[in-house]
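Shared chain: chain A. Partners: chain B in the first complex, chain C in the second.
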Partner chain A sequence: MKLVRPYPKQLPNVVQFHCSMEMTKFDIKNYLEKIYNIPIVDVRTNIKVGKFRKDYGKGYIVKDDDIKCAYIVLPKDMTFKYPDLFEGLKKEDEESMKSLDEAKKSFNDYLEKNKERTDVPSWFSI
Partner chain B sequence: MHLLKLNRNIPKFQLWTRRYSHAVLHDENEYTDTPVYPPILDMSLQGRKLRERQSVHEKIRNLKTVEEKQIALNMPRYYGWKCVMFNKNRIPYNALPMVQCYTRTHFKTVNSLPDAYSETNPLAEQVVKETKSIIEDIIAVESENVRHIHNNPQEKSEEQLKEENITKNIVRQINRVICNKLADQLPHVLSAQIDYEPRHEAFWFVGGTDVPHNVIQWRKQYKWLHDRLEEPIDRPVQYIGTPHLAVRSQLPLKPIVPYEEATNPDFKVPKFTYVPESVGYYTEFRHGTNIPGFWPGDYDEFGLLSYHGRDHMLSRNESYGHEDNINALHSQALKSSFGWLLAQANYQGFTTYNDITYPLVTQTVITNAKLWSFYVYQMNTITMHNEQMDENPKHNICFGTTPLQLYDTIENGQVKGLNEDVLKMLVQFYLNAPEEREHDMKPYLGKDEQLIADIEDDNKRCWLESTYKHLVSNRPKHNLIPEIYLWERIYKIQHKTRFFEAKRRFFECGINPYKRRLNEHLPPYIPKALREYPRSKKKFERTYYPDV
Partner chain C sequence: MEFFDTKKNWSETNIRVGRSWKLDELRIKSNVDLHKLWYVLLKERNMLYTMEHECNEQTRLFPNPERIDKVQESMNNIETVIRERNIAYYKLETGETGERPVEDVLNLFGLPEKYNKQEYYIPQFMNSRWVRPYLEHGYINSLAVKKFYRLYKEKQYNEVRKARNRDFNHVQQLLKRFPNMDMEKLKAEYPNVDIEKAKRTKKARGHYMPLY
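For the complex of A and B:
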């Protein structure tokens, strides 16, 4: 079973899983209750049709596997928020992008300044 | 040839000159003492669309008869609205917040009935004393000594069916006993109509909710909608229920709280924006219907009391817990009370777009013959579509009790420990006398024509009657909705692999069958032999769809 980001937007006490096609509602309930000690009120499942896509480089159409989605309803006073896994990474990404942007800008400035004298080396200036 | 041209030009010329002279005359009166400006209109796309919708609401308001308004509500959809279904058969976990928001109801749990009922106390006690022994007998006999034979339909268990049947019989008998007791003292009980398992249906729009996934996907196709992906939409809601018994009278009940209280911010209901599917409700394509258990034209058009069963509680999961079961009962009461009142309001000429101008009240009992819960519901507003959801300051109010036990056990054919207070509450519901109101009850209906039965024109009356009845029967259309086959979805819509083929299917011609309007069909053909004498070229019969 794989915990996934709830989509479409679900109630705060609903958790969404992708699980094996063979699992029944009872299996899902027992699995979560017995192994992870999660109080479960209700389990709803549906089977999502896999995506149809053009096979890369081949051109014909193939279908991805179907997915069984399980919506676990927790007691209404409990809430579950899907963790934002890439929060720290995003910041780092932004910082590196910033420095890259600055470098690009200074290079563009340099080009702009020297566009009239293309053959002159960079050290030759006042 | 030239003459002919000249001749043709002459009238035009005259028109010109006349217009011109008129303008000159008008000039003298052009100035007024205070400047008069035309209203400033919002000319953005949203503003224009809003005005369009408002003009439709105005047109529905101006329609003269009840049935025409109902047809008008369904005009935009040939194959019906995609309704969120409020059935009583299944109540999902944690249903109350959504039902409260969708019916705009503030719910108050009380231990006894509101103060308005206190004056009928002595009479109720007397009635209870006199009818107690009969009711004990009824309960004992009906619960144990009657064998019920029923074909078991798939959706209900044997246990549920048994409870349903016992409740139905006991409710009918208790109603008969109390009515017989009170009929000679109270005229409103004598003249009241009693419906067994009537058809209660109601239809309304709820706005301000989250947009479903498929709508967002549709909006993503168009660049100009990209900044409006999350703009809320109206969700049509349909309530369908059958109470065991309903009592109605010619006059409406008195309001429980004054009408001015409706705007009280204490009664504000928290907004519930999640899609109904995430709670566990489902949707269905159907025409919206508003039926309070009778057809338009009945004299007894205000509900006093309705009894609902609670056999669906047996099919609930044990893991939901006791507290949620009680909340489920509350939500059932809110749905059924609001649904019945809304249908009654529709017969008074109000619709989900045109708000009621006075409060309506009903009383609801939910019972399985042993446990009884009592609800008093006051409806103050029915508009909650997209534009009104946040702006409408009014809210509905419901007072309700938790399930109370009428008796302890049945031993040797004798009822033990009958709780007289519970019986008294029930009798007080009957004693609550309806009253004539001083204001106009049907402000949005015509003066002479309030029903289609009042229409003089035979053709129009018959056509509207049959169309209305056919519409609310919700039978499937003769031509079902066109289908997109899976291979077409894969190879023609999702991936354009067959672009060289002739585009003949409806989705290739840009036709959206769900957007087809109700009047977009050929009217019945008139055979040549039946056409008017001498020569009539009219091939098709006339239709009388309301112009909205």
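For the complex of A and C:
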């Protein structure tokens, strides 16, 4: 059973789960109430049918797994917002992109500098 | 919600964890402890599944995916320990293992199969839909199944035959190239080959005059 980012957009007191195909609504309700102590007003489920697609490179048809989605309705006063898990990593990404841009720029400068003397080795310079 | 990792680990790229629980460590635990540990592991696994799903959605690398395998292995070990205890208890009390009984049956293709018995609300002979393929003119006695079974047997026989011929030919070639080799070792390597017969064949004779 896993908690997933709600799609399509849900009300603030609705939480979306992917769970095992065998679980019924009662199973889901008991599971979350007993193991996770989450108060539950209502449970709705639907089964998302996996896509039929051609296998990349092989060409035969494969079917993706079906998924049982559970929409848990919390009491009115409770809200749930799916957290942004990768906020800390975004800064690192920006920094790495910056250093990559710098490397690209320095390489372009080097190409520009040696445009007129393509037969001279790179170490032969001041 | 306990479905997410601790906030400290969200921006981590390498999360170090210990090993999974071993069978011997779990055997010395009480049933109550195992029950509690099971739910700890179950929550941990759900958390890891959630994080992995979100990482895949956001096209990020999921740090240390072997954590899922470790938790799963621990859970499997708990299950085997509980099963051992259950079998021991049932053998003591009733003389049976208490496991689900397994029966050797023929499936609809006429092939032998293991079948885990389970409960039904009516017995087999009353279940007219189930019994239909097993009747005299049912599917299991049809020409199609018989033909399939014949061809299947033929295929299996051919595999054995080809292996036999392949070994015999190989031994002949070996005898041709190495006439003075250790016959006992050859016999041990290819126990199904009649080596005396292989020696006499034309293929086993080399392109040279006999020494004596």
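Convention: the second predicted complex is superposed on the first by the 120 of 126 C-alpha atoms of A that agree within 3 Å, B and C clash if a C-alpha of one lies under 4 Å from a C-alpha of the other, contacts with A are read in each partner's own complex, and residues count from 1 in each chain.
In this text, contacts are C-beta pairs under 8 Å (C-beta built on N, C-alpha and C of every residue); 3 or more make two chains touch, one makes a residue touch a chain.
The structure displayed is predicted, hence computed values, not measured ones.
> Both complexes share chain A, so when I overlay them there, do chain B and chain C fit or clash?
Aligned through their shared chain, the two binders fit side by side on chain A.
> Does chain B (first) or chain C (second) touch A:M1, or do both, or does neither?
After superposing on A, A:M1 lies in contact with chain C but is clear of chain B.
> Is A:L85 contacted by the first partner chain B, the second partner chain C, both or neither?
Touch partner of A:L85: chain C, not chain B.
> Figure out whether A:K54 sits in contact with chain B (first) or chain C (second), or with both, or with neither.
A:K54 contacts chain B only, not chain C.
> Touch test for A:K9: chain B only (first), chain C only (second), both, or neither?
first
> With the two complexes superposed on chain A, say which partner A:K76 touches: chain B (first), chain C (second), both, or neither.
After superposing on A, A:K76 lies in contact with chain B but is clear of chain C.
> In the superposed arrangement, does A:F107 touch chain B (first), chain C (second), both or neither?
After superposing on A, A:F107 lies clear of both chain B and chain C.
> Per the contact definition in the header, classify A:R44: touching chain B only (first), chain C only (second), both, or neither.
In the superposed model, A:R44 contacts chain B only, not chain C.
> Check the residue A:Y36 against both partner chains and state whether it touches chain B (first), chain C (second), both, or neither.
A:Y36 contacts chain C only, not chain B.
> When the two complexes are placed on top of each other via chain A, what is the minimal CA separation of chain B and chain C in Å?
Checking C-alpha atoms only, chain B sits 17 Å from chain C at its nearest point.
> Can you check the complex and tell me which residues of chain C touch chain A?
1-4, 10-11, 13, 39, 42-43, 46, 49-51, 53-54, 57-58, 60
> Can you name the residues of chain A that touch chain B in the complex?
These residues of chain A touch chain B: 7-11, 13-14, 40-42, 44, 52, 54, 61, 71, 73, 75-76.
> Going by the contact rule set out above, which residues of chain B touch chain A in the complex?
By the definition above, chain B touches chain A via 92-94, 210, 212-213, 274-275, 278-280, 317, 319-321, 324, 490-491, 494-495, 497.
> Along chain A, where are the residues that touch chain C in the complex?
1-5, 15, 18, 35-36, 38, 80, 83, 85-89, 92
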